[in-house]
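The data blocks that follow each hold one structure.
Paired with chain B in one complex and with chain C in the other, chain A is shared by the two complexes that follow.
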Partner chain A sequence: MTPPRLPFSRQPLRHVQDRLATGLITAGGIGVLLAILAISVFLIWETLPLLAIGDTFSLAKLSPLAWGTLKAALAAMLFATPIALGAAMYSALFMSARLRSRLKPTLELMEAVPGVVIGFIAGLLLAPWVERHLASTLMMIIWLPLSAALAGYLWYRTAASVRQRLPLSWAGLWFVPWLAGMAVLAMWLAPIIEQHWLGGDLRRLLDQRYGLDYATRNALIVGIAMGFAVIPSIYSLAEDALADVPPTLMEGAQALGASRWQALWKVALPTAGPGVFSAVMIGAGRAVGETMIVLMASGNTALFSASPFEGLRSLSASIAIELPEASPGGMTYHLLILAALALFIFTFMVNTLAEIVRQHLRRRYQRLGSTL
Partner chain B sequence: MHWQRAGFSNVGFSKIRLSKTGSSGLWPWLCAACVALSLLMLVSLLTLLAIRGLGHFWPASLEEVTLNSGDIVIGQPVRETALPNGAGTERLYFTGNQEVTGNNWQWIAIDEISQQSEPADLIRVARTPWGDFIGRLVAVESGELRLTQHAAWAFIHEALTLPVSQRPPGILLLATADGRTLRQPLASVTHFQSPNAMSWGQKTIAWGQRIWQFLSEGPRAANTGGGVWPAIFGTVLMVILMSVIVTPFGVLAAIYLNEIAHQNRLTRLVRISVRNLAGVPSIVYGVFGLGVFVYGIGGSIDSWFFSDKLPSPTFGTGGLLWASLTLALLTLPVVIVATEEGLARIPDAQREGAVALGATRLEMLTRVVLPMATPAMLTGVILAVARAAGEVAPLMLVGVAKLAPQMPVDGEFPYLHLERKFMHLGYHLFDTAFHGEDVQAAIPLVFATALLLVLIVLLLNLTAIFLRHYLRRQRGNEC
Partner chain C sequence: MKRYPIRRLKKHRRVLSITGWLMAGWLLMAGNLAWGQPASVSGTLGAVGSDTMAGLVLRWGEALKARFPDINLQFQASGSASAPTALVAGTTRLGPMSRPMTETERQQFIVRYGYPPLELRVARDALVVVVHRHNPIDTLTLQQVDAIFSTSLACGAPQAIRRWSTLTSTTDWPYGRIALHGRNLASGTHGLFQARALCDGGFRLDISEHPGSSAVVAAVGESFNAMGYAGYNHLTPMVRALRLVDEHGDAVAPDERSIQQGNYPLSRDLYLYVNLPPNESLPSVEQAFLALIFSEEGQQIVRAAGFVPLPKHLRDAQRQHP
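Then we have the complex of A and B:
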């Protein structure tokens, strides 16, 4: 904000100082903003020589990398979106307020875990483990949601005293041991199932019947690891959008006889839809640009393959590997900068879209809050 | 009155009916499971890091194993896996003695073991050239003196407390499991331990000492031993330089955007794009840093001031300065956004009051607005530092080194060498885990490094959260 024009004063030094400082701040501020914007200028400038060469063959080198990026992002989003949105819906509308005030910052701390640590765990521990226990992993992916539903079913069947002891509003916490137990159960059951119905070795079966190769570091691992990294950002934004739905709307729906889930599904989600959408978009932007996790967990093999059990190589990982060795001004150098430009444009567009959608949503909430 | 009661009972009836049939259904339970699953993943990740990272420093007991074939193996049991086709299990032993056997590791099938014991006289020696030795101590020779048994142990423990240059000349006579003897100069020994003979108290002390060594020493034996002090130092120095650069510029830009610029469509646009730059992948900033700072500015500096050293580059290659600048650019949006939020929260009445009392804009800013926005700025800087400490990808392009020969700060003028490459915790982790020679031996240290990195970053984030909380509470009291 600008202060109103000052009355004439007899202390010119203070005013000179003020002018000078204002000028300095303006120059500094504009300079910083220009420096930030210079990134896009630099990237475009350095890719211009490619246009002059006009060599479409070398451009084709980038396409498996682009494919790898999309595949990795897709795998991560497939893993992260349901979990993050489910968690957001639960914590915005079902969780007890006291638990929520503790749990939300905890889940947001997940975002702070550095990518290099996640990548290390995924590449050196998770990948060999999954290779040895592929059946257990797949079984866990199917069994854990089912076991949650089973827990819900059992809960409706138990006595009221138990239900009061273990309410739905605290389920986010007391489900943790239940899920851990179910994961152990799945790990124990999977080899038996594999032995009896799948002929002893799932990987050989996949290879023989469907011709699927299995690479140790593959898209499945990348999906799980990068999903872990993306969950908190989607969760946090989607939860904000859902929790900010004017409570009058939900109360109105429930007063008309809707159950809590119906109110959520029919009222809160459509209202907060744009916010949830922008949360998913921002998550996708993060998944596309993430470097260390893909670099460490993907095997870095540039393949055109849709199989979740084969390796991939992404644009960002290629930049990290090849750019330090590329001679400045060479073909590879410009190509890699083109890759960086593609990443920049994609994430910038996605984020801008998400930001615009979110601002619209904020205005809509203000309108709804004032009329109701 | 009558219909009211009827209405009440109606509501009650429908409520009972709903919960009986469970019309909310099982969906909420699935959603609850999502929260629980995320928590479970986070907790198991942290537990794994803590156990594997800290457990490595615990003096593990050594086993002496006699095989059916009569061979004797001495080593530390690491883990067991099942053999294919249900042929029992095998156990991995860390046997050390790389220069004798050519290998640090040995797999032994459980069925082949005929006898297994933990004798108290087994020792583990950490040495500089070859990694760990595991076996027995025969004697110590120091000049004419030849010591055995307790006298030898006392001599070694006393000698090891001294720095290398002041140690008495001495040679350790060591025996391996298969009876071969080794002569180990005392000067090259860094650590001497007999874990089987130690009590819990002694083990705890040794554990603390080894954690301290990990934090305070440099890496040795191809990153399989020693510590990460240069990497900690490099990370901290880089982050400090970065915050020195990013704080004034970020605050300046935020003040300009919020207090000086006219609020119109253009400022809104700029604000959105600054916010979006926080979401641009870090590797893109790395590319920018390499192209502009290293090749562009660095190359020019070289050709103007260091042309006598060309073609070997001085500033024209990755270094501390360029890394800090790149990360400063990367974290600039974080600082700008946080500061702007703080500025926007200050009620206009405060500014108007200051101006009404005759303050110029500069005085209003420095005496009223900035002091009130300090916690927000601090939060922004801490978040920026947390992000920078965990970021590795851009550093790979602009100046991190797997093993920096010289520290970036030393006694030589100008003391702080901005052009030198430096070590970074995150990159050290990546490099040791994926490009090391003996990854198996390095993994425990990688876990410890990962734990350290996660702890630093989480601590910084928690500080930011508490600061923000404090800020909100303070504002709540004021408004």
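Then we have the complex of A and C:
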């Protein structure tokens, strides 16, 4: 039974505050929606002249940029997804709670590193270093994942006494020195391998035998730098999804005799799959929209090339470089606005998809929670 | 330095009376001869235009402010293209530009005011083609530059040059393709290089585009097989500027003398456009500013900002103008 409604002046202060807050929040939400709507209307309005001309010129100009955007995002996702998802699975299901409570906030803090700073480091330090040590870099990219598998195999084969000293739930700590050691080994071995098997200079070999051009700022650099920027968001969301799998499910699977590995693959991942998927989509959305890292690390060459050693030019970087000097109303201006519209639609779709999938997952968890 | 005696004289005007007035008048005249403006100047000095010249205009403004502390400086550096717009709109009387006005821009001004803007050349600059400092290559012809940077070969080169082996006799180093670096589409440097070095042809697509000349120079300095173009004032010890062959067949290095004389093929003028109605004179602040630019001190500032001072005859000819 609801109490009779009092006149406004007689209501307790708490109620007034509640209603005020609700009103403000609703107004804020509507305001944000209106702003997004206004942005899309503005972009469409400004591109109308181009669409009215209906020429293929703008399409020909934009397609290398769209390809560059996709190439950069793909490179970043190739670098970031395995690392971020691996880290999420490990920290959600295997890591000791104490280590996890410290590591997770630290990794999420990485998200706060501004794109400009990452781009600056990638363009001015990483790119020249990789150019000088190309063989070492490629060797590390191949060798480090293999050495991780090797570490797992060695750990499995060691005596139980050693295994207790190096428990799996603290692997996050003892695995780091191992990786560092392997990186040093790769650095030391790479020049020797280059000298004996690759004719002394890998870049010359690539050029002469395969006709591959190497640009200082290329998709490889962009992939590493932007992958670094995307890892925290993918990790954080995927970890949440995995950690929220109802513990009763995992316990049930293990009670029926499944190993932890089996429980992960057969129970946790299928259940949290949509959440992991939406984490990857959000990461992809960020990779597509990211501007400064691509701008500073990619060389901005509008090429149609699939080579990881050649540069690229993304939609967002083009807008950032050209818009300040494009005179309003000119051809370049309308082209850039069209680029902005394409970018807007793309990120909007990716993010919406990710959000819908996440809502689905939340409802599924609620159902699971109520039936068990 | 020039105004203190005047002030002191003014203070003791009653005592010095006629002598004071005479001396003050004489000093004013001397000031007029050296500077071309009354000795006490105040007001707001505004300019809108080139970002290449931003540092230069700011240095001139600061030198002027050091002399006349009552002056307010308002500079807006948003690219050469913004200068004609601001001049036509009347938001400024001074428009620094790193390229001459186009005919349409000039016409817009004339339509609005009925007279053309006053065009002053205030300094010289050049575009340089740079390579890594250890690169053995020394000289290029303009046709070679075109063959390296363009797809259109508008300057008459027989074929495009893509590899170092086509340019140098040393087969050992540098090798492979020439990695190209340049400026972004909207910059004046990009446009000028296109007009002067590529004979208005089209750039190659695989030129890395950087948002500033310093970034181009830094990128070339890091990479052994790179080549790029940049403004003369951005040269660093990391790179070497190539000599270019002029129309007489002589290889000209981009140094101060050859740029000043205009022998270096890619030298250019930096402009200042002034909204000056015929038969009128400028406000005293702007007069003082122009006088400073063409004075010895102003041209030293040009050198300090990394550009090249005007040759003396050009300077003297323009000093008469305002």
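To be clear about the criterion, the second predicted complex is superposed on the first by the 339 of 372 C-alpha atoms of A that agree within 3 Å, B and C clash if a C-alpha of one lies under 4 Å from a C-alpha of the other, contacts with A are read in each partner's own complex, and residues count from 1 in each chain.
Keep in mind that, in the parts below, a contact is a pair of C-beta atoms (placed from the backbone, for glycine too) under 8 Å apart; a residue touches a chain by one contact, two chains touch by 3 or more.
Since we're looking at a predicted model, the values are computed, not measured.
In the superposition on chain A, A:343 makes contact with chain B only, not with chain C.
Look at A:217: by the touch rule set out above, it reaches chain C but stays clear of chain B. With both structures placed on the common chain, the touch criterion links A:204 to chain C but leaves chain B unconnected. By the touch criterion defined above, A:332 reaches chain C but does not reach chain B. Residue contacts after overlaying the shared chain place A:53 against neither chain B nor chain C.
Within the superposed three-chain model, A:42 lies in touch with chain B and out of touch with chain C [touch as defined at top]. Look at A:324: by the touch rule set out above, it reaches both chain B and chain C.
Using the contact criterion defined above for the overlaid structures, shared-chain residue A:124 touches chain B and also reaches chain C.
Of the two partner chains placed around the shared chain by superposition, neither chain B nor chain C is touched by A:306.
A simple residue count on chain A separates chain B from chain C, and the partner touching more is B. When the two complexes are laid over each other on chain A, chain A has residues 124, 295, 324 in contact with both chain B and chain C. Looking at the complex, you find that chain A touches chain C at residues 64, 124, 127-128, 131, 203-204, 207, 213-217, 295, 299-303, 310-311, 313, 321-322, 324-327, 332.
By the touch criterion given at the top, residues 78-79, 81, 85, 175-177, 179, 184-187, 205-211, 218-219, 222-223, 226 of chain C touch chain A in their complex. If you check the complex, the residues on chain B that touch chain A are 14, 18, 22-43, 45, 48-49, 249-250, 252-253, 255-257, 259-263, 270, 272-277, 279-288, 290-292, 295, 318, 329, 332-333, 336, 348, 351-352, 355, 358, 360-365, 386, 389-393, 396-397, 426-427, 429-430, 433-434, 439, 443, 446, 450, 453-454, 457-458, 461-462, 465. Residues of chain A that touch chain B in their complex: 1-4, 6, 9, 14-15, 17-18, 21-22, 25-26, 28-30, 32-33, 35-39, 42-43, 46, 82-87, 89-91, 94-95, 103, 105-107, 109-110, 112-121, 123-125, 144-145, 147-149, 151-153, 155-156, 168, 171-173, 175-176, 178-180, 183, 228, 231-232, 235, 257, 259-262, 282, 285-286, 288-292, 295-296, 316, 319-320, 323-324, 328, 336-337, 340, 343-344, 347-348, 350-352, 355-356.
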